[in-house]
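What follows is a set of structures for review.
Each of the next two complexes has chain A plus one more chain, namely chain B in the first and chain C in the second.
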Partner chain A sequence: MSSTPRAVAATPLPRPSGRATRFRRRQGWVVGVALLLGVLIFWRYSQIPAFGPFEIRGIVAGTMTLALLAMAQSVIVISGGIDLSVGAMMVLANCIAARLMLEQDLGPVVLIALAVVAVAMVLSGLIGTIAVVSGVPDIVVTLAASFVLSGLALIVLDSPGGGTNPRFQQLLVGGFDEPLPATLWLAALLLLIWLPFKRSRLGIATYAVGSDRAAAFLSGVRVGRTRVIAYVLAGFFSGMAGIVTTAFTGSGEPRASIGATATLTSVAAVVLGGVALLGGSGTLLGPVLAAFCLSLIPALMLGLGWDPNYAEVARGIIIIVVVMIGGLVQIPRRSR
Partner chain B sequence: MAQPLLQATAVAKAFGPVVALRAVDLSVAPGEVHALLGANGAGKSTLVKILTGVLRNDAGTVAVNGAEVELNSPTEARDKGLAPVYQDPAMIRDLTVEQNLRLTGADPARVRHELAGMDLDGLDLDEQVRDIPLPFLRMLDLARALAFDPQLLVLDEITAALPPDLSERVFAIMTRWKRRNRSVLFISHRLAEVREHCDMCTVLRDGRDVASFHPGREGGESQIVAAMLAEAGAQVRDVARERAARAEAEGERTPRLVVRDLLIDRQDAGVSFEVAAGEVLGLAALEGQGQDRLFEILSGNVRAAGGEILVDGRPLRARHPYDAIRRGVVLVPANRLLALLPQRPIRENIAIPLFNRIGRWGPINVGRERRQVRDAVERLSIDTRAAAQARRLSGGNQQKLTIGRWLAAGFRTLLLFDPTRGIDVGTKHQIYDLVRELADGGAAILMFTSELREIGLVCDRAAVLHNGAIVAEMPPTASESDLLTAAHGLEVTAV
Partner chain C sequence: MSAATADPAVTRWRQALVDRPAIALGGVLVVLYVVTGLVEPNLFSANGVRSTLLLACPLAILAASQTLCMLTGGIDLSTVMTANFAAYVAANQSGQGPVVALGLALAVGLAVGTVNGIGVGVFKVNPLIMTLGMASVLLGVVTVGLVGDGFLSGSTRLLPVLRTVASGTLFGPIPNNLVLWALVAAALIFGLARTGLGRAIYAVGDNPVACRLAGVRIWQVLLAVYVMSALLASLAGLLFSGISGSVGPDQTNAYLLPSVAAAVIGGTSILGGVGGYTGTILGALILTVLNRLLLALDTTEAFRQILYGLIVLALAWVYVRITGQRGT
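Presenting the complex of A and B:
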């Protein structure tokens, strides 16, 4: 086989890219965000005289909701869509959970939590199915869905209230100086849900659909089904976000503006976390780290004695600057 | 005769009003390398997509080993033993090769084995697809198809982007497949390859199969070319002869657009040609010979790797279509909806390029704009009943509009890329008349066409592009078969 019948110039094989290049391309952004987070944490550490478990727990538990929403948003964005209903989904899950969990024992509360997450998965899957079957762009369907879900939340709980079991709170977000539970939950979701999914054929199909729908179809991927499954997974994460909110605040809060703000912040975390809005690339770890960065910035500004309104401006500027720098670093890879 | 491995009967497919396949029969015997041939737009790619489950046929049947099959998806086609390698590699750029293999359910070990068989085991499957050069992607795609051990391997123009040594490896695979009593459906524009490696060929024309024979026999090549073309050419030649005579009488004309050694890609030889004022230069080429890129460069959309463009004797270095337009060089692209604002009215569509001329700053002179637009609409006889939204116009009227908007703005050099694609015959002739009228009015026109008869109908001269270089210049009286022969990169024997 090695000798071709005619004397023709042999085309040289492409040189494989080096390990360093490969690492930079595939993990570079996550490493960058992790470094940024490290700097921010160190800064915060130097601001507070006694930086201990209490502060860490405050940061982790306070960010968990946003981190989970960022995960939900990332799954959808990776599959080539965008979900403007994750925040509303979280609010709805929060309201259902707070209403049902009020003055219940731990056992029923856990069951309720599981049921609420299941409901969120079904609803999100339904939203995804509508987007796939109707062919209406994701952004329109999920925006409309966010109004429906916000309305449902108000029907479930017409004013702030409800409650949950203190032991359940302890279990999910930990006591005031226990940073471990929240951290472990986040890590467990990343390691036990996301990693196996990403490595599965379904996970690869999700990236494929986000990268190039036509080529994915030619490769035998069932495009519609894959997109719906991405929505179901996103529903799982936003349902979890609602449960965590319930545990963290101990009540339900049906205000629609909370959901809207949370949705937009989740998109910011996705962008800052290195998931391309065009779909098909990125991972969930980046957005989770980015979520921490985003929630540390207001605290830092407060520590500096700034007006909280300026903190929002700073947050916006940081997103733009980081994404711009990231874009510049990645340009050689984009040019064909 | 033995039972055919693949038997397609009366397969038809239409995309809206455009009929791609009228009724095609195709029969591939076991152990046969079968070539599928046809001019651009004859329906080859559509047929391949139907056979591999990408498109559903509107009518007709496909049978594998005598049993009728339904091919609803690429996976189903693969399960039935039909594995394709498409013109564009069906690999996802953001994933690694290995991930792409898992996506289709191909066994990486088998793919590696097939790659080793092609002497390509040096390829790293952990590399991202975006980092692998196109020829090797095709080979990977081929290896992936082979790993499914298909009964029929479908190769859609696989050799078009391959260097000779890799092409040889593809031919070796084809021979091996034949020896195993399996079959290959081979699509290529290179007739030499077809003659050398194929046992049978089926020629498509206008969505029908017009001939099936052994291409390697004596005179096979001319038989292929004859089958690919429609017969009626006499009338066309009369028109062309008349025009050639008139051009002769006028004598030398001043060149408007001069292109010297323009490097379309990174090849060695560049493209050189001239278009004079009042002249239509026809460009003939098979698909993918660099014509798309040439037009993009000339219109200022893409910068050339090297070479020179002169407009009226002065070099044009366009960084942006704006620069080219200001020098009077304008493009009418093949994709009309790309050029137009589909949801805006005719008036605005025509007026957009006008803005460059009607006052750059301040409010637009509405009266003047309206006058110029009206003139253009009348001159083109655009049917204005659907004037509110350009996308509602018929294809022909849209095409008139894309030309018309430049007409109102004023231009000196017009680049027409396949202006009559997907337009009905009547409107085609209106467009031919318009092109001639514009040329007689002093415009220099470069027109690429995928319909060779348009060269005779409209053009003053023809240039043939092959592999990113002009390989021949011909008078408009040149026969279609001569043009086609040259477009295949072959020597034209009798001129």
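Presenting the complex of A and C:
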């Protein structure tokens, strides 16, 4: 009878935990993912005779879109929802940007990029507002929104095309052997956008809402407003993902399946990155590192001389196994 | 929330709709059907009815998977890949006779469902992630199998029996696959309402902690649900291949989101514990007719997608409005 883990009576005062324990509990997962990434990069390094700036740039710039989408998804998941429209939003931003940026100078192109990100923020905020006002679960609202956004993308650009300014490309994702721009951009977004947000009142409110919506409401957090702001921030990241895609590929691609695949991969990166789907925990660094792990797998398989199609199998198994291990690690913690 | 302040007549009316969501959905379906029929009069003919039912059937069976999983608070994103895989196996092995081929196709479903069920039930992996990972694995397996001299390479030939079942006509406006659909629907509606497993499915979705304390073996319920889900998915895959007359490694992928939408429109809560298959049937019919309407309007693909999304959203919104069944 007393074996129920959630006995309410006689809870002892929590003992203050040491700095090391706290670090392990809060950042342990991220450190784990970082180690995994380190191993994968070293593996790749040992596969290629001339591992240099060219390779690194390929990895960083090629993963940037997924990393940004993982950030967008994380913000929503931390706030207690899930966003199945991030991929479609990325495709829409990509199409608008590629259409408008074609044969423009650097100045206008930068302005267009800012405008596109702003549009993505407004649209995502609108989706969030609908989810909050209607009371329809996020997963349904964003599912429907993903149809609408992919349709809009097809209206903007009915077939692959468009273009951008080469100097803008260089600025955002670097030339063929410059890994620095893409890396710096990712780091800057994490440090200058996410970190201040996380530490602000709004950030704390976001975690509170994701952790327990009712308790947050009773503590005076404006739940609806916080959720909408989380959507706006996610819109910023997915809009950026669209701009980066434009810069990386130099064109726009309106196929809806690209968005759907990207959305699902972003969910995988979020979970691998240690953000609990229940909401209220995790950071953005973990999912970014996980995104890199996920996109290194096909390259590694190719390097091993395997059929790269096994990469899909490996990716799926890794996601499942890591989450299983995570579940096993968390069970003793929960029942304590 | 706001229902408490509404006047009693409205409340009673609303309560009736909450108890019998099928009435409201049926109304929507009739209106939509008439509107579509005005645009495309062909819909009122026996052939029009037949083609609507024919196309709704596999979607409704895919949506049955989602309904079962959603009732337990989960979701199954691997259904379409299971469907593709099963259909491919059946077509690939059709040389060994229909019994072996269909048996192998259902075995695919059984295997996928068992793994999903063990992951979700025993290892407590989040269903979204478990089935997403499974979809990824299946995609890889199918692709690898198709390359070079993999196990799926070689000729594919559709089983004649599939073609007959999936696209033949029984009489008048009744396609053959309606019989199959009716069997599935009867089993699900009866099973969910009248059997112990059915009630356990609702209970697990409603409150897993209470279930565990009441002695329900949750993992067994979840295992059963995911096995049934994958078996239904392989059945749907076979039907899809019979209708289209071909198989492809990504043939049914476009039906994943509509199958979730059909269950949602049908009033099954994605949070678990609320809903049923009757609503899902109507949801699948509504989506099929809607698709027909959008095609008949002769608009672009882009516009169709936008309208589709907006209508799904509007239906879900109205549903939540009427029933007061808000997400937490």
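The rule is simple: the second predicted complex is superposed on the first by the 321 of 336 C-alpha atoms of A that agree within 3 Å, B and C clash if a C-alpha of one lies under 4 Å from a C-alpha of the other, contacts with A are read in each partner's own complex, and residues count from 1 in each chain.
Note that a contact is a pair of C-beta atoms (placed from the backbone, for glycine too) under 8 Å apart; a residue touches a chain by one contact, two chains touch by 3 or more.
Only a predicted model underlies this, so the values are computations on that prediction, with no experimental measurement involved.
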Which of chain B and chain C A:Ala144 touches, first, second, both or neither: second
First, second, both or neither for A:Ser159, with chain B first and chain C second: neither
Partner chain in contact with A:Gly316 - chain B first, chain C second, else both or neither: second
Chain B versus chain C, judged by how many residues of chain A each one touches: C
Contacts of A:Ser219 with chain B and chain C, given as first, second, both or neither: first
Contacts of A:Ser46 with chain B and chain C, given as first, second, both or neither: neither
Common interface residues of chain A - those touching chain B in one complex and chain C in the other: 4
Residue numbers on chain B that touch chain A, as the complex places them: 54, 73-75, 78, 86, 90-95, 99-100, 102-105, 117-120, 122-124, 127-128, 130-133, 135-136, 163-166, 168-169, 172
Partner chain B, residues of chain A touching it in the complex: 1-2, 4-6, 8-11, 13-14, 16-17, 25, 201, 204-205, 207-208, 210-212, 215-222, 280-281, 333, 336
Residues of chain A that touch chain C when the two form their complex: 4, 82, 130, 134-141, 143-155, 158, 213-214, 256-257, 260, 264, 267-268, 271, 277, 307, 309-317, 319-320, 323-324, 327-328, 331
Parts of chain C lying in touch with chain A, wherever the complex brings them together: 75, 77, 119, 123-126, 128-130, 132-141, 143-144, 147, 213, 253, 257, 260-261, 264, 269-271, 300-310, 312-313, 316-317, 320-321, 326-328
